[in-house]
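Below, each structure is written out as structure tokens.
Shared chain: chain A. Partners: chain B in the first complex, chain C in the second.
Let's turn to the complex of A and B:
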């Protein structure tokens, strides 16, 4: 009976459960999970303004007035996914996706209409009496914004972790400060947004493009394949980095533009993998049987062929995430990344360009990039094993 | 009685795959006399190949162990001697030929080089000229025409049958006392098989060598063997003179195997299941009508890849198939029978011609227009390994097509139909919740049949569905097909190269050769009194089990 219970759960659930089996992937998910939490709640985790304060009997939420549209969109996305996942109502995947997109769109539209965050924030104001002399207040765990250069302390500059506390100052910098005096931990937390989003979004764009184009090439072969391969060659000839530089020069630097450009130029590798797999699979008897049963094209391509050909793609994708993160870091290194927003690559760059070697500027962002890339690789491998019933049965997972 | 050449006594071969020890050969004893052929028969996995490899000591060290037994070759125990002595015996005194002629020759050396290398290795004093002459002789011996020119050919320039001849020439060049042949004709067409078997018999008479011949085909046994041994699960269950074993089997397993041979099945066929149609009826209401069907594959040449010629896989085929008939499509490999089967289902687009199912034209329909017809025509494939999607449960494989074609109003109903069909295939309901890799080859073919049947088709193309299976499993599936035909009034196009199966199963027989139909008619007529030269040749080549009982 157990077999039947096991097997009647949906394919996606079974894959998820099998993927989660194993300690390596649990660590990876823990790391990615904490990154997601950091990214979503960054304004509440590391900011210079109080979360809540009570002054002369009236309670105010200073942090909320400084929330941007992006902050709200990320929060809305997180809670929508959480609700759709945990809610007892079960919708089909299409309905879920539609709900998700609708909620995000509504939040973005409403926020851009009604939210008017001040353009210029002077963080030192939050250390003036109007914010400090209150009845009570709750500060974020790390009471420094990423762009808070602590000018009220007189331009601290580079400081090793915990050295300010050692010097009996009232400041505590768990990961030290960077050359402008901003708190490194705070910048790390805010930078996780860029790392996660650029990796996921750019890789998703390129995977979707690659699977569709490569799949059609492999399945139809002939003239479609020939034209597709020429398209692949054209896109492989485009140097992503120089295209990015050109776009940055014309339109200024924007995270979304970078995501789209990285995504649109790096699908060719995925398309090649999928094409090769599909060319091999289309002559398999079970694919022929699916055609002979009159199954629709999307089922043949995505249900019968894709799961059997996806393994090399997943490994490639985990490296794709890493290379997208690195592409952003490279741009930041060249001074063409986002100007004021922190990113791990830009922080690494700071450690290289400063006169003396400051280990905390290299170890923390470098370690974060390493762990993130590592985690994606572990998840990719676990997913590959889960998708293959032969392997998972041998490992004793039902 | 000739003196014994090879005496195998109580041979045990255990294979250690890391986690468990498999007793692949378990206490096998037999004797091969000089100048005689000993045939080992059995189903796949019975240990016959392992026995042969044990004799020539080709099993990998560390994995294979021989805890027991003796292999006395010319009174020398092969299990005891060292590597150096073994090497001098291998090739020069014991030679081996393998099943797959495509992979057993090295593709980068010419045929002549390979034979000469073997010769000079075992006769170091032989000069190049002598070796060359000897190699030409060896090729002459295996009746390869123009042997002197053929010496410079590479393996890919030869046909499968010629390659197997070259393998035999290589094995015989050093004049071995014992030739081990591991299913040497299984990968070949019947006509080529007949020539190779005739050649081997002829060579045995002229050279006086002994043979250890491994096969699963009782027809081949009847032609080749002096002595025969039947193997089952690593044990030799019956040994004896060939006439005695084939005609009066002592062991129950031998009896069962012989019963399963198609020629014998035909004898016990339930007459109610046979259903020959009158000639008029056949023409009056064909379920499927093929007219001048061509499937040509272009051969492209030159810089601009212009079409130089066509490979005419199916060439001007016209055929009527009446409802409820089982039509056998026979021919050698490469004659276009599979392509024709696929063209009928529109899996291969015909270049020209007309294919009508129940009077409606199928050629030229788009994938969308074709979809309603898909449920009426199904296919069952040859290779049980690749015919089921390894990533999907049997349940999904069976219910998804039903859903697409609107069979069953909800999933529970479809599951019920799928379970019923599996039970009809003598499988269990629980098998719905398993993955394909948990099944044996025969079970997978049943599932493949179930996948075709859940759509309630009128017409099924069976493409060599039993050729990868053991005879006993084949017999069960063939019986099942006949019963299903009677129950559901199915029409089958049964593609095969096995004449025994044709005689047992089919009502009509179509013989194909080089893309064309050379003869068609009622099975009894075509197989009993063939009209065409090619059909006569094909039928004469089939190794028969001439039984008296």
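Let's turn to the complex of A and C:
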């Protein structure tokens, strides 16, 4: 006598529940969540200027005058997503997306019109009497900006975490300072922006490219498939890292360029997945029905076929984010990355290029790269186990 | 089969053309483009600079439009094509002119010569790394698949995932920083694959007296024997405890060997050593225990014996090379073996539950025969696919390792070529790595037919 249990749960809900089941995933989500908080609130967490100060009865917010358009855009994106998610409004995905894009665009336009942050910031000014001799002030938790080289303390240079020299000058560097004297923790917090944004944007670019090319290949098969597969083969036969190096060395390396480059060099895997999936799906009845009812191509491809082939792609995307972060770190490590902005890979590079080995310059940024990559890998792994229960650790049925 | 081989080889040509075309167009389209800027010193006077740039442009044909440059390069490397006369004009069509990879602008030497110097070094690294990767990965992958869901499976899966996510550069930087710097433990060399003095050494090492060799061997033998004896002990908790004590001693010794006194090292290292060795001693799986503790015992024995050895020891070329390669090979093999172990595990799991495995068990075959004679052979297919991708991926992986350990192999060459915008070198490396990848795919397809007779290409 076996009792048959019919699950009322929707597939997406069940997958989500199973994915979030393990403790590894919870740790991963916690780490990525705290990274997101760090990235969004970076100017308020680590900066040289006071958040609020009261001088002669008037209260001012020095940190706000130094916010850039990018800072505002990130903040706006964060709060829009939070609002759309928490608010009890049930919009469709399209409306949500449109609202999101509209808000970001409005903020960017308004900010670039009205926001005029000073081009050159002299951080040592914030340690002069006009900022210190006040009635009261609230400083950020880490009172050093990433590009604040602490010159007013007289060329600090490399200092180990919690070193005696710093303590004598009433400075506190939880992770030490780098070779120019900037606080490592502050640089780490600001660098989390680069890591997260590169991971997300580069993976989205490569996924969109992969879905379009792979979808067309799988749907049309025949000659389109043949040509497409040659293109995929070409991109797979060049080692990704070498291709990246070539692109970056010849095109320079601004943050946005780097996102595009990493995206353009890593779409081939997604194209393969989608092609294989679409080759299976194109003979299915519902696809034939969609074709017969004269739907336009994009509707058949993206509305009818894609939702049925997207699950394995999400697993690949999770690993893709990890490898995009790793790619950026590697490029920065090899000295081909961003020049002025701090990034984890570039900090790791500093630990090799300096004359002596300074463990805090290797352990903290390297550890951050490791944990982030590990977190995305754990999420991908858990998601794959949820989709394909054959390989999961728990042998029984859940 | 022969027609299949011919077809595959012919299909390689468009792909290779595509690869070089992609990379060449990246170079040509980029701001600045391919050019002689990197060779021209910016401190020169303008007319001098112009003269030098013109000279280089003329010499390497950089002043011509990009498609012409590409076609000329293509003509140079293809074994059949047009030949140039003395004035540089293309005149005759020849079938026997041979390949010419051109001359690197940056080095001012033929590319073939540079590649000839660099390839053996990278090859050496990879030849040492690949067997290590496979042995470790197969041991762990098979074990965790057969003991699915046990503590070993879950913990090894976590460790493998973590090892896989460790960026190679972090591992390299840490190994280099801690084990070859004067601030911590200066046990290994900092750069290169041989020291300058090694050129004058004999190949094999030699000692002041024969008795020293005896001491070394004795130390190693006693250390190994003790460790193996310990690892075969039946009593589990006592075994783990004794191994833990050994680990504690090793940790204390390491803290003592640290270049400066560090309280952190004195606290952490003994605990870490004790934990690792106790963990190995606690393990159920005998081969791992024996190998793990045995290696540890041998190292400890040798180190102990080294304290009693007199001067007059010359390392010799061989030992010098091995000594230089320990850290790079370790760095290359850790991440790759973790990834491979996961693949082996999942491919074995699929087959362990298959009907034929159940039949074999039902026939009364013991589990070992089922595993190695039936299941493992059927799980080889994904391993072969990995082999195909391994050669080019190790080439790319050694890019970072070679950069960290300053080894002048292909990886370093690739970085230098790209940074100096050296058209000939970049194209040759692209072409070569693409060719290796395609050959790897071809070899894998043939190995499929060997492993699985059902696969045919006729």
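Quick note on the criterion: the second predicted complex is superposed on the first by the 292 of 398 C-alpha atoms of A that agree within 3 Å, B and C clash if a C-alpha of one lies under 4 Å from a C-alpha of the other, contacts with A are read in each partner's own complex, and residues count from 1 in each chain.
Note that contacts are C-beta pairs under 8 Å (C-beta built on N, C-alpha and C of every residue); 3 or more make two chains touch, one makes a residue touch a chain.
On a predicted model such as this, the values are computed, not experimentally measured, just so you know.
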item	value
First, second, both or neither for A:307, with chain B first and chain C second	first
Which of chain B and chain C A:292 touches, first, second, both or neither	first
Winner by number of chain A residues touched, once chain B and chain C are compared	C
Partner chain(s) touched by A:85 [first = chain B, second = chain C, both, neither]	neither
Partner chain in contact with A:329 - chain B first, chain C second, else both or neither	second
Partner chain in contact with A:369 - chain B first, chain C second, else both or neither	second
First, second, both or neither for A:243, with chain B first and chain C second	second
Partner chain(s) touched by A:233 [first = chain B, second = chain C, both, neither]	second
Overlap of chain C and chain B interfaces on chain A (superposed complexes)	390, 393
Sites on chain C touched by chain A in the complex	14-15, 18-19, 22-23, 26-27, 30-32, 148-149, 153-154, 157-158, 161-162, 164-167, 169-170, 173-174, 176-178, 181, 183-184, 346, 349-350, 392-393, 395-396, 399-400, 403-404, 414-415, 418-419, 421, 426, 429-430, 433-434, 437-438
Of chain B, residues touching chain A in the complex	342, 345, 347, 367, 370-375, 377-379, 381-383, 386-393, 395-397, 400-401, 404-405, 430, 432-435, 437, 448, 451, 455
Touch list for chain A against partner chain B, complex	3-4, 6-8, 11, 284-297, 299, 303-304, 307-308, 387-390, 393
Chain C contact footprint on chain A (complex, rising order)	24, 230-231, 233-243, 245-247, 249-252, 322, 326, 329-330, 333-334, 336, 345, 348, 351-352, 356-357, 359, 362-363, 366-367, 369-370, 373-374, 377-378, 381, 390-391, 393-395
